[in-house]
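Below you'll find the structures, each written out as structure tokens.
Common to both upcoming complexes is chain A, partnered first by chain B, then by chain C.
After this line comes the complex of A and B, so read on.
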């Protein structure tokens, strides 16, 4: 029988055919789909995320690894759903109003999915009201907000103010994007900031898990 | 340096880590030095973007404009989507200090057409953003080169027909360039095709086309497999392909080693093949520029 470590390895290297094949083999051998996910696929994405942080891998490698995970999830998803297993956490993500850039936002969404966070992607040019509505509807644990322009960064502040007034207890807000800094995040009252998509996974999980969320 | 390529020096912008501190500390002397060094390295224009503070503090950006004009004679390009900031800049910009040359307003979109009203303050060249169009009151991203070229054409003809006293030579179309590291949707090819279509349009003769070239090679390693620099050669490969179709302006870093690359250059070949591919095959071809397995 194939090994979980082999699965992690092929996912991290972006080998989608192998990722799918090994996932199927593990399932056929009787392994629980949740275990394949938690101990095979997610660690694979963590390997590539760590390499990315250490400059041993770059954005194309991350995208290609995420595609391999997606391929394996084609096998797992129906089984997980059949057992009523859904991602433990839900995130809402989008680029703020007035900003149409989506590359960074998409990378974070990919990496969050790779950590088995359910992601509701609202796209670009997202108004404060849309963020709030989606967070409420999907009982989100965290909102991720991106801005690429120095000029739309300021919209983040207004969006956060709106979220704070919307009475969504326990909901965390993370911000990111090229011009955004930790200092700016602190100033506008965000709960977290990450400089890159791999760090965004750790930060989001730390923020969510340190706080009991009322739903 | 490449002949017939106009470089708008991009460095006065907090997006560059090295410039951020200068702007945040309002270090006028440091900003002046950055302007001088870009001008010495061949910048035809200098971008002015002092960050978000400009909106709250118009005095500062005005001070920057005047301080830069005191030390260089290249015209300036004001990089803000806000009418109030453009107004503030145009109010203090002195063409006499730029040997009579007009500044650039960067940028106008179909959604913020009324920004052109700032031309009442003084004449300027205008960057037209063609990556977005206005449709039933909403701003929509253009997906195809034909849409980008259509938007460019619609905007350009409208500008010259309205009473702004602008000719095609005053217009610079930004076709928008995306990072090749994430280009699973043939966006680099789309940029080149947009440049070709716009420059081939007989009704737009004399118009200029622009890309923000530094956006292309971000998120990739420093070195190519052949041991030479990767980023500047990806950028050069793009210039080598796009300039024959009429690309003549870039937002870029003056003094950077932009070149027209020979066909047999390792990176030139890779970029050429990568942009002819689709989806993840583009990324896999880009990877071959820097990794062996």
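After this line comes the complex of A and C, so read on.
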């Protein structure tokens, strides 16, 4: 039987055919789908996330790793759903109103999925009302919003104000995007900020679980 | 020195009489049309409709009187066609969503939806879907991805080659005529050579093609850099072969009228890192960039201009090895891009065309005093021994306070003793 470590390795290398094959083999050998996810796929995404953070892997490598995990999830998802297993946390994500630049937002969504956070991706040019509506509908734990432009990053503040007024207790808001800084995030009342997609996983989990971030 | 001599001295790493400046010479050193109008008003110039010569980022033409007022040393020669596939000519009136009356090229056709978003069409052809989208609250277009799902077994490099072709006689005539007019201004002529950008992510979706085929989705393209490297290399090789033929044609037609040529706007940097390793850059891109630079340096007097945003400090030696003379926009707000380090490590081997002021925070959101301080420091660091052309870091965006731009321009004057 293939090893879980091998699965993590092929996911981190973006080998989607092997990722799917090994996942199927592990399931066929009787392993619980939740275990394959927690001990095979998620650690694989953690490997590539750490490499990305350390400039040992780059956007293309992150994208193919996420694609490999997605391929493996084709096998796992129906089994997990059949057992009533859903992600523990849910996130809503999008670029702010007026901003169509979504490469960074997509990377964060992929990495959150890779950490088994359920992600509702609202895409680009998302109005404050749409963020609020989706957070309410999906009982989200966190909203992630991004802006690439100096002309749209100011809209983040209005979006956060709208979210605060919507009375969604416990909902956290994270911001990111090239011109966005921790200082800006603090000033507009965001709960968190991450400079890259790998760090966004740690920050989001720390915010949701209310634990200090391990850097 | 004439403006042209001033820029060329700087690019040849000789100290010019005055720090040269580019504003409006290229699609990455320009000014948003709303700011061009505000600057004209500030300088008391005749109020007339601003021409949008670059409709993707809605850059306004910086005309001679405004150049004179600001002290601009460059003049641009745009590529024969805009990013939406139509020529920047035969201007007509258009009112932007922010209420500004403008002049846009004749084939700039738009539709809007109930929310007020604007949509623009490839080659102005409204019989197909739009290729650009400007949200109602935005100030420029972004490309619309029109690529269906990739069929791995049917991928053919030929399909990614549609836009790379020999320059037509009519495009060449128009380009040469603009170059000739530019030469007469006495400013340094900066031309945007068509078809030389290798994998520029703004161009991959082909917003200029009516029906783009091949790999045209941004995510799919980035993944191709990891899993389809042979495809990418073949594409770059074939593209480069055509580019070299076009360089020769353009050089024969108007080579003496050009000083600086912008070859490629492919971004290799993110805010904190690079899009690829240095090894990958040297494997996939460098051989083709070198072919272009080598041909240009062997056959012309042109200086070559490479644009890449982001934290590219690990790649600058490779840009130099590839033969580039000029790096833009020198994003000092990105990870590791410290002006002093850049000047010390690379300043005698490549010209920094940009880096003059941070457009992510200081210019749009800072005070005039903060602008003065930063511009003054950048001028002091970068201008020593030449190798520096002053420019903001990338285009000046909408909503930038005019008092900050004036502070920037005054600081350059004061630095040069005026």
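Quick note on the criterion: the second predicted complex is superposed on the first by the 210 of 215 C-alpha atoms of A that agree within 3 Å, B and C clash if a C-alpha of one lies under 4 Å from a C-alpha of the other, contacts with A are read in each partner's own complex, and residues count from 1 in each chain.
Quick note on the criterion: contacts are C-beta pairs under 8 Å (C-beta built on N, C-alpha and C of every residue); 3 or more make two chains touch, one makes a residue touch a chain.
Because the structure is a prediction, the values reported are computed rather than measured.
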| item | value |
| --- | --- |
| Partners on chain A (chain B, chain C) - clash or fit | clash |
| First (chain B), second (chain C), both or neither touched by A:47 | neither |
| Chain B versus chain C as contact partner of A:99, first or second or both or neither | second |
| Touched chain A residues, chain B compared with chain C | C |
| First (chain B), second (chain C), both or neither touched by A:178 | both |
| First (chain B), second (chain C), both or neither touched by A:31 | neither |
| First (chain B), second (chain C), both or neither touched by A:195 | second |
| Touched partner set for A:150, first chain B, second chain C, both or neither | both |
| Doubly contacted residues of chain A, that is, touched by chain B and again by chain C | 55, 58-61, 63-64, 67, 98, 100, 103, 106, 125, 149-151, 178-179 |
| Chain C-touching residues of chain A, taken from the complex the two chains share | 14, 52, 55, 58-61, 63-64, 67, 97-101, 103, 106, 125, 149-152, 155, 178-179, 181, 195-196 |
| List of chain C residues in touch with chain A within their complex | 117, 133, 135-139, 142, 218-219, 222-227, 270-277, 280, 314, 359-361, 364-365, 397-399 |
| Residue ranges of chain B in contact with chain A within the complex | 13-15, 49, 51-52, 55, 80-82, 131-132, 139, 141, 178-179, 181-182, 184, 219-221, 280, 283-284, 286-287, 290 |
| Residues of chain A touching chain B in the complex | 55, 58-61, 63-64, 67, 98, 100, 103, 106-107, 124-125, 149-151, 153-154, 178-179 |
